[in-house]
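First chain A sits with chain B, and in the next complex the same chain sits with chain C.
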Partner chain A sequence: MSDEKKPGLRSPLRRKLLMGMAALPAISMLPRASFAEAPPTSAVNTTGLAVTDSEVTVGILHSVTGTMAISETGSVEAEKLAIEQINAEGGVLGRKIKFIQEDGASDWPTFAEKAKKLLVNDKCAAVMGCWTSASRKAVLPVFEQYNGMLYYPTFYEGLEQSKNVIYTGQEATQQIIAGLDWVNKTKGAKTFYLLGSDYIWPRTSNKIARKHIEGHLQGAKVVGEEYFPLGHTQFNSVINKIKLTKPDVIYAIIVGGSNVAFYKQLKAAGIDLSKQTLLTISVTEDEIDGIGGENIAGAYACMKYFQSLDNPNNKAFVSAFKKMWGEKTVIGDVTQAAYLGPWLWKLTVEKAGSFDIDKIAAASPGVEFKGAPEGYVRIHENHHLWSKTRVGRAKADGQYELIYETADLVEPDPFPKGYQ
Partner chain B sequence: MIINSRFFNRTELIGFVALALLLFVILPLSLDIFRLNLVAKYLTYAFVGIGLVLCWGYGGILSLGQGVFFGLGGYCMAMYLKLEASSVENTKIQSTPGIPDFMDWNQLTQLPFFWKPFHSFPITLIAIMLVPGIFAFIIGAAMFKRRVGGVYFAIITQAIAAIMTILIVGQQGYTGGINGITDLRTLHGWDIRTDHAKFILYFVEVVLLFACIIAAQFIRLTKLGRILVAMREQEDRVRFSGYSVANFKIFAFCAAAIFAAIGGAMFTLEVGFMSPSFVGIVPSIEMVIYTAVGGRMSIFGAVWGSLLVNFAKTSLSESFPQLWLFGLGALFIAVVLAFPNGLSGIWQDYVQPHIDRLLASRKSKPGNGFPVTDGAPAE
Partner chain C sequence: MFGDYSLSDLGAIFAMQGFAGLILFSVYVLMALGLAIIFGQMGVINMAHGEFMILGAYVTWMTSNGFQQYLPSLFPGYFFLAMILAFIASGALGMLVEWALIRHLYKRPLDTLLATWGLSLILQQAYRSLFGAREVGVELPEWMMGSWQATDAIQIPINGMFVMGLTVLITIVVAYLLFWSRWGRQVRAVVQNRVMAGAVGINTEKVDRYTFGLGCGIAGIAGSAFTMIGSTGPTAGQLYIVDTFLVVVFGGAASLVGTIASAFTISQAQSTMEFFLSGSMAKVLTLLAIVAILMMRPQGLFALKVRK
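Moving on to the complex of A and B:
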């Protein structure tokens, strides 16, 4: 510090000048187009968002305390990584992204309060956030009322579509139908036992699964359907029923900590997942971390992303993520979807040539992101993503091995006809 | 003046005026609408706090299930607002238009019978007070007539809070499940989401709060209040003197429940939704903490406690999103260790003597006609 007090040689101004001079040749080499990328703030921000000539503010709204913190931390990390990478590339319309992080505290009204704060007080140009459906339902009216833009990363039950939300995870039909078709075709599965935690996502997903099994798969039927309160840990009675009915497929949508008890008890009861087919849509690499790879090895999961995907985008993403957050971190489906949020927003803003929410909402359909770790994705008119669906098989080391992926992108259909 | 000097003693009068100034003048003038709405949210817990002062502070009945009544009041209001928001035009996209969206997701095709009365606004207003009141009466009658009290009663109320949450979460077709009842828009045709509406709702709430403060003060000063205190100190002596202890306890418990329900209904209006996360054990205990921080013997303390703890919660979590829970925990421990009587204890020990001295010096001057009465005799 004492150096900087001395006038003359070492003044900060001089240092800046030197740096500027060093940068001069670099600037002169840049193509002209790059100057056009930093248009005046008055032109790109007509509604008073927190955008200056050099900075744009976005919000990050996840639970970093409470029961959901374990799930949402990955999303926060992915979003920070994406923001850092975008800034390293020069930011959005020539402006660096600055983020304000708020804690939803696993509490839905807190989410609503913080969402309002980010939009009304901080004038965030976009918010990356939420995880559970309940938190999204709590903030949705806030985003619609104050005209904000939310990038929501979790796979969810569908039945929703908003001008003010981009859903970067899969909605239920994308995740469910391809997986059921696959297990029916390759395993010849005819009987299904549906399990779920007792709230809106598992119930709606199982409803779609049941309609598909009974209506679209030849001779297939549902032999059982049961729900358990969140946090439930006693699965012995349902495991006994499963042993009696001997379904071809156990279809499990159990969430959070209950998973640990469920898979351990399944193993203890002698159900060998290398022989009994189990298909889940709720266990990502993050959950396996808690369950223990040896307890779930052999189970199939159907989602859009696995950490083990073998493509250059994903390899770069995984190594950047581990470099930033440590070698031991794992990356699940939602974490990857959260990573898409800032990127899709950047691409949309650049397509629209403006930060205005209305213009972003209108420009979103058709925005493509070729650098996505999961592979190419595109935003649909209904603000969900076109994406591939994949089936992976859990290995004892906690990773999934890719078994199957759809040939084409699956169209998002949040209000599926015939499945309601 | 006569009424004042009997209804509020000098300390209470200062407290009343200070609070009225803060809530009616200072806060509305100094805060923007977002912060004012947050204050309104904090104040909804003050209703619960006032009830707890009566029931716990004076009556000695510790209830760890006030969230149940807060939730019942809130849900009654939310049901009315949700029905209004689920008009046929608004819900065209559903397979059964005209019913709330979550019912449609859960394959319900018609409105359940217990939702029907909530089409009417007057019935809703009555239900907000009546439903929790009757529920509290049933619990109270079942417990107090059997002379269940103290810790046992606290545990049972806690169990009821847990049961209530499980019931609401489990019956999601009828209650909205863990998501709660969301996306509420209008109250009797009046949009509650606008800034103007939030401003008006704030004042409605503060007026209601003062009505509750006065009602609580009235209960406290009548013979009823004295019996409550007597009961807390020596229940058997009161019983042997010929009073029906159970009935007085039931009354205090019901009054606390109704106060909590009013708070819950206002919460729904201020925040715009209701969910089971206000009904369970944790929020119920939090509400007791607000009261304890404010000082469980002080009606004004309950209001200050709710304001201060929630303000700390908001500002700590905004500044330290990862660490704020530790800060809040430290605050509770510090208050309980250093000031067992809460904020009102600090006031009495440190501020009151100065004011007394000041007033005493003024009183000694001749010609000052301000009638000063002594406070209520010590309890």
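Moving on to the complex of A and C:
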């Protein structure tokens, strides 16, 4: 299932034409790429990875079919863009990146099987992939057993750290605490109603939120906490409960198709998000596409990246992304985090001077990426990223307006003391 | 739990909660009607029901886009046309599927389960290839959004009332078609004794095709209506399929009244428990109760008495 499909070679003439066309970009690249300086393969690859004198193979492992395709499509697009840009700059240690894409098909055993294929058969030097925690948990033993390197893009619940994974999204405390402090300080919020889809990420996140609200915010309390099965589509009852308890803040971590139902019904029930504060950590620009901007306008989201961020890196990223994938595509937090994966890997390989997994794992802490669309990021000793946390407000056009950002980078803390 | 609230507050909440239950009831009836016709009258277990619904949702999305682009002045009324188009599209696809697939399997009801499940996967991938893997947002006209302010404290969602009205209308039409029209008599004759119905001159193949088409068409209308309250994506149909089967099986497979009674019971249980307990717990308890009742009464709430 390689992404490089063989062209239909029916006539010899067509074949020649195609070969000629394929050679064109390579010729135009020659003056820029500095293949001559590339160190010998034997020196940079001592463990038999798929690295040649001119190429290095990486894997992309996401769901492009099944339920999760909705979310993971953006990550695949971002990773392909990053790889193309890195190749245009001359590749990694003078080698062009070639990628093999596998489909996890929204099925966790399939993820594990494909991960094994990418590591054992294809000898991928790194894999960009996974989206849900369940898929990450499924592939983790594979990456540890066969010593691979996974760049994982999604914000997630934390409580994990591995030599073989770099977490390019935020872990729960990074995403949650700054947002709660902000809403408490600027809105004077005292009462919180916690909502979530019923699985590990929302539950762990709300647990952290509850501890923080009850333990660290003066006089604040949680007035309700509720979970709904994944795919739940009827929220009228809980909306009535919210109307009854009148919380200062609705704190929502609802995912997938349920999101659309929740915000549409909230609006239909007459809850006006310009007056009622709602803070979410699960709705990126990608989700707003399905929800409809007019249904969620006024809500606040707390994450590390918004498409509207005003900095030169992000402007270049957004325009390159749209040029490659179409003017209408939107870029959410996870898509940006997925874009960081190939870049961080390139920078780490160059720092280590080697493709060897052990050397990359050791060299990762301290690697800085100044060109990140979200601004400067740096890899922590625990393989998560130092990053800023931001609060944005949804507008009717489906974009977020930046309201607040932390002054400093927030330290990743996947095993937070006092929050478990 | 209610100690801190004033009486008028509570009154308003219970009124709104009553409406929430009725809205859920209408949603269940609307999504189950199509399946009840196909399962009840033809004995076909249509696992692709959700995908027929989503076809209706996509048709609505396309109609909405079309109106925005070419007829923005008529946009407020596009939804009615969209529902008709959704009915036609899903119904036509249903008739095609019946002709190509289902009619070869009437003697093997369990195989229809497998075949339609395969069909649902095929349709999901087709939607993904055609419309993209991401969800699409269906824009609604302004008048269908928001809520109706009944009193100071009571707000009733307009889209909820719309679904309720639609459900009543479609139920009446279906009941008329099945119980009072010539076609309905033919359908029931075929259900009760296919060979004899054929012998007295009923074109059973045609009856089957139209019945299946009607069931799918109603699914299309349901899908169109649900763009107001839910998501539209390639796999969104899966969100409805479990609840739909639950309603139909619990009600007794061959009975329209049963379907309605069962939708009412399940929706009231669900929305009341959701209010007093939590979302996940309500679902668990509802499912447990249904399992227990079906163990005692496997034929469902209402069963058609047919001579075997």
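Throughout what follows, the second predicted complex is superposed on the first by the 383 of 420 C-alpha atoms of A that agree within 3 Å, B and C clash if a C-alpha of one lies under 4 Å from a C-alpha of the other, contacts with A are read in each partner's own complex, and residues count from 1 in each chain.
Everything below uses one rule, namely that a contact is a pair of C-beta atoms (placed from the backbone, for glycine too) under 8 Å apart; a residue touches a chain by one contact, two chains touch by 3 or more.
Here the structure is a predicted model, which means the values were calculated and not measured.
Novice: Looking at the overlay on chain A, is there a clash between chain B and chain C, or do the two fit?
Specialist: fit
Novice: Now for A:109: first (chain B), second (chain C), both, or neither, which partner does it touch?
Specialist: Only chain B; A:109 stays clear of chain C.
Novice: A:286 contacts which: chain B (first), chain C (second), both, neither?
Specialist: second
Novice: Which of the two partners, first being chain B and second being chain C, lies in contact with A:90: first, second, both, or neither?
Specialist: neither
Novice: A:204 contacts which: chain B (first), chain C (second), both, neither?
Specialist: first
Novice: Applying the document's definition of touching, compare chain B and chain C: which contacts more of chain A?
Specialist: C
Novice: Does the superposition put A:229 against chain B (first), chain C (second), both, or neither?
Specialist: In the superposition, A:229 touches chain B and chain C alike.
Novice: Quick one: classify A:101 as touching chain B (first), chain C (second), both or neither.
Specialist: first
Novice: Would you check which partner chain A:65 touches, where first means chain B only, second means chain C only, and both and neither mean what they say?
Specialist: The answer is both, since A:65 touches chain B and chain C.
Novice: If you take every C-alpha pair with one atom in chain B and one in chain C, what is the shortest distance in Å after superposing?
Specialist: After superposing on chain A, chain B and chain C come no closer than 6 Å at C-alpha.
Novice: List the residues of chain A that touch chain B in one complex and chain C in the other.
Specialist: Comparing the two interfaces on chain A, one with chain B and one with chain C, the shared residues are 64-65, 198, 229.
Novice: Touching residues of chain B toward chain A in the complex: what are they?
Specialist: 34, 37-38, 41, 93, 95, 101-102, 105-107, 166, 169-170, 172, 177-180, 182-185, 193, 271-273, 275, 277-278, 314, 317-318, 321-322, 324-325
Novice: Using the touch definition up top, name the residues of chain A that touch chain B in the complex.
Specialist: Contact set of chain A toward chain B: 64-65, 101-103, 105, 107-110, 112-114, 116-117, 120-121, 133-134, 137-138, 140-141, 145, 157, 159, 198-200, 203-204, 207, 229-230, 415, 420.
Novice: Can you check the complex and tell me which residues of chain C touch chain A?
Specialist: The touching residues are 5, 9-10, 13, 16-17, 19-20, 23-24, 27, 125, 128, 132-140, 145-147, 149, 155, 157-160, 226, 228-236, 238-240, 270-271, 274-275, 278-280, 282-283.
Novice: Please output the residues of chain A touching chain C within their complex, sorted ascending.
Specialist: 64-67, 69-70, 73-74, 198, 225-229, 231-234, 236-241, 243-244, 256-261, 264-265, 267-270, 286-295
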